[in-house]
Amino acid sequence: MTDIALTGNVATQALKKRHLRPVEFLPLLAVCAAPIFGEQYLPLATQIAIFIIFCLSLDLLVGFGGIVTIGHSVFFGLGAYTSGILSANGYGDPLTGLAAGAAVAAVASLALGAIVLRVHGFTLLMLTLCSVFLMQEIANKATDLTGGIDGLVGVSTQPLLGIFEFDLWGKTGFGYSVAVLAVVFLAVRLLMATPFGLSIVAIRDNRLRASMVGIPVGSRQLALYVIAGLLAGVAGALQSQITQFVSINAIGFELSGEILIMLALGGAGRIYGAFFGPIVYLIAQDIFSKFDPAFWHFWLGTMIVVVVLFAPGGLVGLASHLGKSSIVRKLMSEKEK
Amino acid sequence: MEYSHFALLTDEGMIEKDMAKANVTQSSALRVAGLSKSFGDFKAVTDVSFSLSKGERRALIGPNGAGKTTLVNLLTGAFTPTDGTIWLGGKDVTSLPAHLRIQEGLARTFQITNLFNSLTVLENIALAGAERKGEGWHMFRKNAFSTRALEQAERVMDLIGLTRDAFIEVSDLPYGRQRLVELGIALALDPKILVLDEPAAGLPSEDHDIILAALDALPKDLAVLMIEHDIELVFRFASHVTVLAEGKVVSDGSGEFVKNDPKVREVYLGESTR
Amino acid sequence: MDIVLSILIHSVAFTALLYLISVGLSVTMGLMGFVNLAHGVFAMVGGYVTATLITAVHLPWWAAIALTPFIVSGIGVVVEKVLYSRLYGKAELDQVLFSIGLLFVASAVAQELYGPLLIQIPMPASLLEPIQVLGVSTSSYKLVLVAVGASVALAVLYALERTTLGAMIRAAVENRTMAEGLGLNTSLLFSGTFALGTGLAALGGAIGAELFPITPAYGFVYLVYFMIVVAIAGLGTVRGAFIASFLVALISTISAYFLPEYGTIVLFAGVFLLLLVRPQGLFGRVS
């Protein structure tokens, strides 16, 4: 062998590579910085924070797991309705509601995942499509429980930790969602750097090879599905607690599509895409839909088509692509010296 | 290289099943008896028996369509046999699913490179090693790999000459080095039996030396079954050759024996005159 | 007995509508392996084109209906060549997203041009008059729908089974790489099939406007129906599309009559269960 022996070095270098670096907190800080722009933007910033959590949960499935689902809002909606129904019946403590929403969503994702993960591709897409339509219909019909098409009213969120009241300006809401976001972000980021996280990516890359190195593909993906469902439930519960309302759309197909779009815009499989997607989407929507709503749809659709055709990695992919090419140029000029 | 059995050829050119049983059970890493596989009316593999002892290097050759890949798929558990039995290290694994045969010490490489494309060489190999030891479920580790898995990966890469590519994404590697990563993944699975499906497939003959060098470096107590078309590679590597044609074993013995066996010439030459 | 007949007539008419729109989707998805959620757009465009031809160009209804498929398949070919073809073989996620994006754009353009409300396709008054069929009152519109649907179904089946083009399509659906290896010009095949599929969808949209009203949200609202039909049928099957359309139409109609509250639930639950038992659909290939 003429190769250089790097005994010990390879192991050390590899161990360092996946550590959390301070710069990775920047997107989170960007969201936290929203109040600087003015208090009137707090509700928007809160909505962004909630959707980032939702988007992170979808990224686990779609980006890292390679499982394309158009029914993820089932779990968001379940989280929202669980927390909302509890609250409307007197159990309005936000953290309890959060836990309850997460639990119900987790159970549902276990059941649904066990079914849906047996298939892939178009069939899986269709199963998830059916599941979201089914759930929305059920929510629509169960008017006594959910308020049907008019949505669930009477949600009254008690003060967070007994101290922070949910004020009209949305300060508590904002702080609350950002805190939850920070926890979820850390959890997802660290999870994807564990052996489990890597095995998920391996399954996505080459399912056959994964089973041929002894990975139990089905159960790993199911575990991922449950985690993703749970986090979506958290986002939904937050939504209902802060807006003090649950819309029938929280469990609808349109929302599933929207969150998928947000993820694709930001860039799937890169965690930070789940930050930038909702930020760009929701801000753009806020600006554009002040005009004709059709206008917003037109530009949204065009943006999606352009991203898919020319920047499939989303904004983050585009950024890393540009980053790589300038490094390459730098290296080239170094070599010529 | 020690054999604990030798091939006795009957007039029809089939291996006697009796002698295969006799001395072999104790030290055989892999044993196959009466293995058959039919797809409807098509008999892909018929009544194949042989065994591999610890450290034995055997090549499986035969014309196209002879059933070699089917045989490999039967061994690894991708296909269920229509008839026959498979033993790994003395344990009957005929009905054991594929991912559990790995736990019994079987590892394979693929004819078409099958890697985790977005991961680096190190990650591909260390992942295999980590999964083999049941570390894949860990969700609360700080790092993607335990030190043990990384050090094992390092040893494997060192053995077959991949260390300098450790941090390169496998999709960025030239094909020849990707074939090496295939081998590395299989080695990281701590196998007792290694099945190589055309390790040099798709490589120009100049690059065959890379593969040969890696094969030479394999641990001496590892049993290796290699499917290959490249006769030169076969005779340099294998001490024992089995010839398969139309799903049946046609010849079995040392390289020299098989080279001169008229049955083998008939199979190959008969093939080319059609 | 009257109810049974009414249900049957309505179901068959509904089948025709679903078939016309979904058959193209099943074949193109099976042929190109492309998840196209935007297929309903072409049906919608068919409706708008027909309406425009009647109101602005003053063509009689039957002429507008006959001309529309050709216009829309022309549009379809352009869209296929310029946009869709770039995504063949790409990741499923990209295809799904692209088609959603197309849905948004088409819906926005439709709203800009025609406004957000549904538009009427002016039909000859005679079609809407009730007529008696076997003692049951129905409109001749439904019968026309059935007639058109049936003749198209037969024509498509004939074309697929008896013509060279049909054989090529079947071969390419079965095994694309092999077909290419045999010298089939797949890009021409894809464009041609796409044109056919979108043309048929346009016909369905235009002629079925009484059942599925033409609005800018058409592509979103009825997406699930077309997807369900294709999922039940399987990909790349004309026969399957027909049978699946009938099943969906029948279940929808029956539940509209007897279980109006739970109709859609029954339908979705049914599809869900079917896909569990037979992921490839009734007539699709096991991959």
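Note that the chains are named A, B and C in the order they appear, and that numbering of residues resets to 1 at the start of each chain.
As a working rule, contacts are C-beta pairs under 8 Å (C-beta built on N, C-alpha and C of every residue); 3 or more make two chains touch, one makes a residue touch a chain.
Bear in mind that the values here come from a model prediction, so they are computed numbers and not experimental data.
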| item | value |
| --- | --- |
| Chains touching both subunit A and subunit C | none |
| Remotest chain, subunit B as reference, centres from CA atoms | C |
| Inter-chain centre distance, subunit A versus subunit C - centres from mean C-alpha coordinates, in Å | 34 |
| Distance from the mean Cα position of subunit C to that of subunit B, given in whole angstrom | 51 |
| Geometric centre distance via CA averages, subunit B-subunit A, whole Å | 43 |
| For subunit C, residues that touch 2 or more chains besides their own | none |
| Residue list for subunit B, restricted to those that touch at least two other chains | none |
| Multi-partner residues of subunit A (each touching 2 or more other chains) | none |
| Subunit C residues touching subunit A - in the complex, by the definition given at the top | 29, 35, 83, 86-87, 90-94, 96-98, 100-109, 111-112, 116, 216, 220, 224, 227-228, 231, 235, 261-262, 264-265, 268-269, 271-272, 275-276, 279-280, 287 |
| Residues on subunit A engaged by subunit B in the complex (per definition of touch) | 1, 3-7, 10-11, 13-15, 18-19, 190-191, 193-199, 201-202, 205-206, 208-216, 220 |
| Residue numbers on subunit B that touch subunit A, as the complex places them | 76, 98-99, 102-103, 108, 110, 114-119, 122-123, 126-128, 130-132, 135-147, 150-151, 153-154, 157-158, 161-164, 166-167, 185, 189, 213 |
| Subunit A to subunit C touching residues, read off their complex | 62, 68, 70, 115, 118-119, 121-123, 125-127, 129-131, 133-134, 137-138, 141, 253-254, 257, 260-261, 264, 268, 294-295, 297-298, 300-305, 307-309, 312 |
